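Note sheet for the following structure.
Per-chain numbering from 1; labels A, B and C assigned in written order.
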């Protein structure tokens, strides 16, 4: 029944596209969130008995010609239990992260720099054009190169990516692009296993460093590598020499290469607003091939929570970026000022993977039978907080900033202190009896903090 | 597309709430059923080769000051394979089951007694008020205590609960509240593992009994326990003495405590009808924070199936209680009269966990290659019947009553005998050939029972 | 919110049925796709490290009186990792595949022959009638036998089946029915484990062959077998002699039996068009009990992709057959002409299980670090290609035909060559730098093939 209505709407809205492209190819994963799987009972043998969490910097590092890829090894209990993986990329100016796709959806937060990112979805039209500089050899006059949508990405942007969709990134700025990516391997979009797999369409990810064995997540050959030269030449209708080039067997540059001269893809004016305008013209905000892939979450003016002397929080969920409904992920950007604190809380419907972007602070995390983390955290560290565990963050002298990735497109917290706390939701008499406190003490407990979730330092 | 429409509706309906509470905090898990996960193929190594089911009473028992918590150990094949856990609570008069949340959604059936239950969802307003008796010390005149919704619960009620939502229960009646709870650990709402975890916000679940080690499911410390006193004092803006009280380290009362004087939370007139009326006034049956959490399923006048001399069945699915759509659970209340029988059937889309509430009977259960249960069952026993297994129940002299929890919000059975049976759906000639029976024999087989699913005793 | 709208529609549309049948029984699994489960992190211990795929014929064979059941053993890495099972049935003329249900949804492709298939859903009415030949003994005049819907199935048909729904098949043609069935064990509809289980309602699947142990997937007893004779006699209100017949303990015919005289179920005119007409009359295409279960995908005139000298592809997804939304499966029928080729591509959102129905060809498959299959395939072989792996197919002299089952109701491929290729979606400058090619070489790479996904042989 439900599906009838849904399909009817879907059908109407898709007619135009289907007319252009046949059904096998024209559909993108965006049409409707996948129906997922209910396999029960497979886990008591695999208990997630997390005794200790760690705040760690990446454990493996692969150097490429024009950048670095750093990976958190996923064999720790907390990564294994939450089904996620994390990677930090550094792309130097003129660096090109080669086109690839992965087996899991992911979100990337850009901590520094700016660049251009290409997103290729099968069946979507080549809507972008660049004039070819000076025309190509042997062709008459100026020609235009057509390709699928590219995005401008900046510091503070969150970019969502679908499993199986090809992406490439180019740094056309003056400083390195530094970004952190969280992959959700245990997502309906991934039907195979919880290993993070990158499928490169070019280059030779093993290249740089010769014998050096990088993390298995980011090395390997490119996907053309093993195929028969003749078959590929037949498939592309080119000669086998070209095929040997795309196989990149002897390429020593790794998966981030340096381009010789600037890529002239788009004029710099082609920014977010332009993209927004194009979408409005189309009137097709969420339609296939024009869905929005990114949004900035580092603008103080758009904070969702703000407390004077406390800090601010910007969140990005699927109400703000509908793509996230398909990824089942959301992102929180947090800034705590000097000595301020975030309310102790638990994540009701998500794991939370916290990456510290600046500053230092103290974090405590407890499960149902006691603390599993109590430590000082600093820039560059990542901490996995499983669903339901209670977490408390306090900034030190220079403040504390982070980005948290959450495994639910509308992740929710349940605060223990503050205006929306669970404590405040209970009757005084229940609290008095539960805690053996007087009515006045209970009132102070319920109303001691009037802010939502960020608390300014106490005046003492 | 589907999501566009959905989001639009969602967006409009949420505007008012969002205006009051910022997005991080105002969303409850009720907005839309979670998109779940499709991880494939992880199970052949973990075969559920169930050779024998058991009808067992709880295997572990934890005594608290004012009640008892009994647990079915979840390490048997049938619990492990179906991903559920079961707990029986006895709360004595004036007993308060301390506030806690769990890692799994659950449904509770109240077998006896009456009481008050508090349900706290983050971001929901404190809509209930009690006059504070005599005013508090040092405050002027009568003050009012505000807190989130509380429910009146009675014998026969089913109460649904979301993972991560805080609940507490108080017995304001004269008899113990006896209830049975079924937790669905392998539910989209739980992202971690299949262990049942209770997170207490107060007390010391390990308290009563000193060294005695209760089942790990229900012991542990309260979640404040390991945190730094100073940090918590800072978070709540109270002194560290109060913090030591809420940590309950030396509390010996366990997780059900006896309150000193009656909690005066609500006048007794505040019953189901009142609650119903409030919801109608709001016109917001299913909206955040006002969704209905309970319904009575023990009223003969509301039976879904009734056969004279046979018995009756009341079901509660998500059409009747929309909350169940989020829990993916439903409940069946069954009563078989003396020597009556329920049609042999299989559960098409759910596991069924049968708890015998009264009487005795004989049950047989078969999987694809033979019987896995054949025995007499009696009050207090619980039997797990996996999806697709065939089950047959017959009451003995004093009749047989049960409540079945099913792991689907619209669980369906496929009867083998009776008016809606699979046998009746097949052509006579197919049955004649399949069974080597004459046409007349087949007709008796198809039409021997005209009732739906409850059969009165044969007259012989 | 979403669910409110949905439920409202659902509610209205179901009223009539609910009036006829009580809620426990009247609901079929078709009302809404099940909400699935999100259990995370259970898999790193179970890595799907597929080093080598195989194209194999069935490994086990069970002979019955009037047919053969062949099974691909599901203990290989690729079956285990993708959570599927495959069975090939041969039903001889006058053969009846006995009524049974399974623990997983499945799709069947009929390669040869024609017959009649019964589909029984609990709570659906007996809408079909046959006049009983000559009337039954002792009854007056002509009587009519009533039963649930039966389908005519032909070569080229795809029939979808719900987990837990009873089906039987009868061959009323002159040639054997040969079909291939793909079961999706790791589907939300299956809550137990990844073992394929058949529950027979009649006969004795172990029958034929005495001591011979067939594959556990298809042997076993029938589900009545272990039950107490008296209890069953009571349930059906028949004598125990009839019960012994339905238990089939001494039946030696196995699960496909030969009927003595033709079953006269439907006149041959009762074909697809008739069925279509009935549905139109009802105006209830997708409503409970009248949903369409099959569609033909072997008609060249309805090809979704066609290339002269290349071949054709017919796809069946949930837009064409809404039932597939509930099964989360889709099917592709492919025909490559002599020496033609299908574009190298990966499956974005599904595993693909390819069964070769005719001809021979060469297939190469690569994962992220190299080839995992490189071989010649021929009629009768089955090859599992996991999600994201790159696959290339080329026909040999006599062409290559296949049917591919995909674990997504709207499976998508991402082509590497041709009109909708990922390569074509990238800017020339990105490709020039990635591959070290000149602009002209890149242009040939992008535009060398103008077809969508099927390429005619090169003229050389």
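The rule we apply is simple: contacts are C-beta pairs under 8 Å (C-beta built on N, C-alpha and C of every residue); 3 or more make two chains touch, one makes a residue touch a chain.
In UniProt terms, the chains line up like this: A, B, C = 13S globulin seed storage protein 1.
Here the structure is a predicted model, which is why all the values come from computation and not from measurement.
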Angle, in degrees to the nearest 5, of the Cα rotation that carries chain B onto chain C: 120
Self-contact between copies chain A and chain C, residue sets same or different by half: different
Averaged-CA centre spacing for the pair chain C and chain A, given as whole angstrom: 36
Multi-partner residues of chain B (at least 2 other chains): 5, 10, 14, 31-32, 34-43, 46, 48, 81-83, 186, 188-194, 351, 407
Residue ranges of chain A touching chain C (in the complex, touch as defined): 1-5, 7, 10-11, 21-25, 27-29, 31-32, 34-43, 46, 48, 74-75, 80-83, 96, 98-99, 101, 103, 118, 120-124, 126, 128, 130, 132, 136-138, 145, 147-148, 150, 163-166, 168, 170, 186, 188-195, 197-203, 219-221, 223-228, 231-232, 234-238, 242, 245-246, 248, 251, 257, 259-260, 263-265, 351, 407
Interface residues, chain B side, partner chain C - complex: 5-6, 9-10, 13-14, 31-49, 81-83, 186-194, 285-287, 304-305, 313, 315, 317-320, 322, 325, 328, 332, 341, 343-344, 346-351, 362, 364, 366-371, 374, 386-388, 390, 392, 394, 407-410, 412-417, 420, 422-431, 433-441, 443-445, 448-449, 452-453, 455, 458
